[in-house]
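After this come two complexes, each holding subunit A, first together with subunit B and then together with subunit C.
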Partner chain A sequence: MDLFLNQLFNGVSLASLYLLASLGLALSFGLMRVINMAHGEMLMLGGYLAWATLLVVPGAAGILIAMPVAFVGAAAMGGVIQTVLIRRLSARPLDTLLATWGVSLVLQQAARDLFGAVGVEVRAPAWLEGSVELAGVVIPTARLFIIGVAVAVLGGLALILLKTRIGLLVRAVNQDRMMASATGIAVGRVDLAVFCLGSGVAGLAGVMLALLGPVTPSVGQAYIIPAFLVVVMGGLGSITGTTAAAVILGVFAALAQLFVDVSVSQMLLLVFVVLFIQFRPQGVVAVRTRQLDA
Partner chain B sequence: MTDALLEIAGLSAGYGGSRVLWDVDLNLMRGRATALIGRNGVGKTTLLHAIMGTRLASAGSLRFDGTDLSPLPPERRARAGIGFVPQGRHIFPQLTVMENLETGLSARGGRGTGGVPAHIFDLFPKLYDIRGRAGGFLSGGEQQQLAIGRALAGEPSLLLLDEPTEGIQPNVVQQIEAALAHVRDTLGMTILVVEQYLDFVWRFADDYVAMQGGRIVRAGKVAEDPAAEVAKLVQI
Partner chain C sequence: MIRNKLLLLATSVAAAALSACSGEGGGGAAGSGDTVAVGVLQSLTGTMAISEITVKNAEMLAIEEINAAGGVLGKKLNAVVEDGASDPSTFAQKASKLIESDKVATVFGGWTSASRKAMLPVFERTKNLLWYPVQFEGNECSPNIMYSGAQPNQQALPALEWAAAQGYKTYFLIGSDYVYPRTANLILKKHIEKGGMQVLGESYVPLGGTDFSGVIAKLRQAKPAIVINTLNGDSNVAFFKQLAAAGLGPKVLPVMSFSIGEQEAQAMGAQLVEGSYAAWNYFQSLPGDANAKFIAAYRKKFGADAAITDPMVHGYLDVYAWKAAVEKAKSFEPDAVRKAAASLGGFPTPMGTVSFAANQSLVQKAYIGRLKADGQFEIVSDSGADIPPQPYDALAFPGKTCTL
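Right after this comes the complex of A and B.
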């Protein structure tokens, strides 16, 4: 029973990572219908930025400084990719896929050349090293922290989307791009802002990964496949759906690991999503956007 | 500065290989309402989209208030002062009525300040009552009022409307008519309205242009030519 509860909790913390890794994909797919194959490298970038920040600012507060640094760094990189590549290829989705895949390979190789293939270690601050006991389950503080960050990011996103002017414009472009532009909304700038925001969140995810293990040039690759599965299962672009799918898949993967090893559990994850989509092609949450348009 | 707010010359447009508009010339005079009429499929909607920039013209020139519109994307045209009420209304379905109106403020660019102008609720009091409701749940008449309100929120100098009375009950049609006459008469707004329902436009418009097969075949003043005669001529 304890083992089960423990793994359930691990599932929730895995879900938090899945969510942080997939939110950006879901946002930009929802808005622009593009898939950024280099999204995983935004995680990697966030991880290396966390490592670099901690070299400069060691100590308890380092990780708290690393988070905005990684967010801004990944957002800037995302902005460059969007401006230089994705925007220019917007009419050719297949070319976007190939071009961003190329970017992904280039970024991985650059990391290998700069920091080596072995990877670097980020030492979590002392206040994240312990564990707390909750209902008989021993929970590592770092994992609790990751869950807290995911919840905060989700809340922040909801606040931006629902309560700010830019959020209103994002929703308008999402629901009817033609009408949004005819209403005077600078749709290109809205696209860019959303892409930067999504990349920034992925950068944050990278910091969280760095708390759990070494940062390697291919660290993003391990999370990008589950992130894609989350987006597909979540109904392609809906934030609520993405969140629900992240929780379901995180818990599923963690519980599967009670019986099989990690790589088999990843395969089971894929099978699970394929089956799920057979029965519910619209995803966990049916997106009402677009269909309601006259 | 000429009397014409919008000058269209030699405009052609189409979809893929098929051409829909042929060499359209049209001048819209400041502060006047022009009715654009014609049978289904003659290209009325296409012409409005070409003006708005949501469909690009393949040839010809578009001058608005002296500036060349051709290189501008739709949002820049909206900010230059063109408001658009499209066929089918295109309300943002998951935004509330108030939020839909607020999107319209984007068109102001640097002009004007403050929130949604109060006179929109004077013209369409119903919108105020339902301001918190999602756009997708409104009735057709409510959506049409909202689409017009959203365009007016941007304080345009030219208002394009595509069949605003399509499927709307008579008392709402009257309200729309009063609203359009009001913004023309008090704000000096220029209006181009596509309409099948001639009685409606003949009550408040100043000029008309009739299209056939993607060309403008007749133009005149509504006071001089009876609606029935024009209708017969262009086979509506």
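Right after this comes the complex of A and C.
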């Protein structure tokens, strides 16, 4: 029973990582139908920015400063990729896929040349190092913190999308790009804002990953596949669906580990998503859009 | 049109990044002119780079020292360095490139058993010779590989004997999911059962995996006396980090690792792994002039705080063993060299005098070390005598023998 409860918590913890890693993808994919293969490298960038921030500001508050730094840094990088590459290729989805994959390789190699192939380590501050025990479940503080951050990011995104003007514009473009453009919305700027926001969230996710493992040039690669799974299963472009899918997949992977090894559980995860898509091709939440009617 | 150009640019940049991974050093045919080409094939990128780059450095150091001293049979060594990129199929591809287009006389390299298994058919087909520097699971016996790293009876079993002697009766086995951890654990399980002790659990994580929450929950449930860890590469950092966060630091739950040396401890932050155990055939803290001389030479070239590890010393001694064997055989021909190497007798190395047995594996001692806060190991146990290598464990693989 203890093991089951522990794994349930671990599932939620995994879900929070999946969610942070996939929110940005869901946003850009939902809005622009752009498959951003370089999304994993935004995680990596966030991790390295956290490491760099901690070199400048060691101590307890370092990680709190690293979060906005990573967000802004990754958002800026996302902005550059969007402006220089994706905007010019947006009419051709396959080309964006290849080009962003190229960007992913370039960024990985750049990190390798700049920081070395050996990973760097981000030490969690003392207040994130311990663990609390609750009804037989051991909860590491760092994982609790990550869940908190994921919830806060989700709440923040919901606020932006539902309550602000930019959110209104994003929803309008998401529903019907042509019509939104015809009513005078600067579609290109909405795209840019969403892409920056998504990349920023990925940068933040990178800081969270750094609390649990090493930061290496290939750190993003381990999360890009689950992130795509979450986006596909969630229903394209739906934040609610993405959240639900992240929780389902996280808990599924963790509970599967009760019976099988980690590597087998990853295989089962793929099988699960394939079966799920067979029965519900529109994903957990279907978004009404006229995007594909055009 | 502009779009086409941009795409072209993007793909060519990506292609340049890809090709930048490979092809350090030039060509040159074996034995032609006054140089002889030798291959150095380690992962310079990817999850294994943390461990393998320094093995490449040690191999290059030996090659440079040999060149500075006049080379081998009057020829200078021309090292062709290739990147295996932590990917077994890349290792196989680069091995055949080294042998067939660079015409190398021999190759030093490999780390994971998956990479060795991938290269094995290439070396057998081309009748070349691979010098493999890392401890492994045995259960293999090829005339085209010199196995200088520990066989199971030179690392895993001495570690188990030590743990049993300390009174640890219950074990939990954790490893990366590939051939070495699975085979090593198969052997360990047979010996643990034979010794009347218990295996409480066994868990595998994909190579490079970083999520250990499930493994740690199982560990907590099973409450073993000691964990035997055969994780490789970056996964170790995540494992120890999450173990510490769950309140199971090395002081609470002893961990015996087979792939963590001084270098990995330094990269992980020695604080994180302080107090955990490792079994190797060499520790940087070993006494002796030859060791001190090697450490000084390495640090002079690669940095004053560089850590020295067991696979690095094996990589280094492999180059010297090859030189000695070539000189004994008076030929660069791989078949003559491997026969000469197996009958060389003892030769001096930073880890003391060692020799190759007739089965082309190294006769060597085993040590157990405990990590200190400065990233060095305190040697807590020593096998005393040299241990002859046994590629096939008698309990796990009964009836198999290695005769070459």
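As a working rule, the second predicted complex is superposed on the first by the 289 of 294 C-alpha atoms of A that agree within 3 Å, B and C clash if a C-alpha of one lies under 4 Å from a C-alpha of the other, contacts with A are read in each partner's own complex, and residues count from 1 in each chain.
In the analysis below, contacts are C-beta pairs under 8 Å (C-beta built on N, C-alpha and C of every residue); 3 or more make two chains touch, one makes a residue touch a chain.
Because the structure is a prediction, the values reported are computed rather than measured.
When subunit A is checked against subunit B and against subunit C, the one touching more of its residues turns out to be C. Of the two partner chains, subunit C is the only one touched by A:W101; subunit B is not.
Contacts of A:P140 after superposition on the shared chain: subunit C is touched, whereas subunit B is not. Once the two complexes are laid over each other on the shared chain, residue contacts for A:G130 go to subunit C alone; subunit B is not touched. Once chain A of one complex is fitted onto chain A of the other, the partner contacts of A:R171 are limited to subunit B, with no touch recorded for subunit C. The part of subunit A that touches subunit B in the complex is made up of residues 168-169, 171-172, 175-176, 178-188, 288-289, 292-294. Touching subunit A in their complex are the following residues of subunit B: 52-54, 73-75, 78-79, 84, 86, 88-95, 99, 102-104, 106-109, 136, 150, 154. Within the complex, the subunit C residues that touch subunit A are 2-3, 6-7, 10-11, 13-14, 17-18, 20-21, 44-47, 49-50, 53, 177, 203-206, 208-211, 213-215, 217-218, 220-221, 234, 237-238, 241-242, 244-247, 267-269.
For subunit A in complex with subunit C, the touching residues are 2-3, 6-7, 10, 13-14, 85, 88-89, 92, 95, 98-99, 101-103, 105-106, 108-109, 112, 117-119, 121, 123-124, 129-131, 138, 140-143, 209, 212-214, 216-219, 222, 254, 257-258, 261-263, 265-266.
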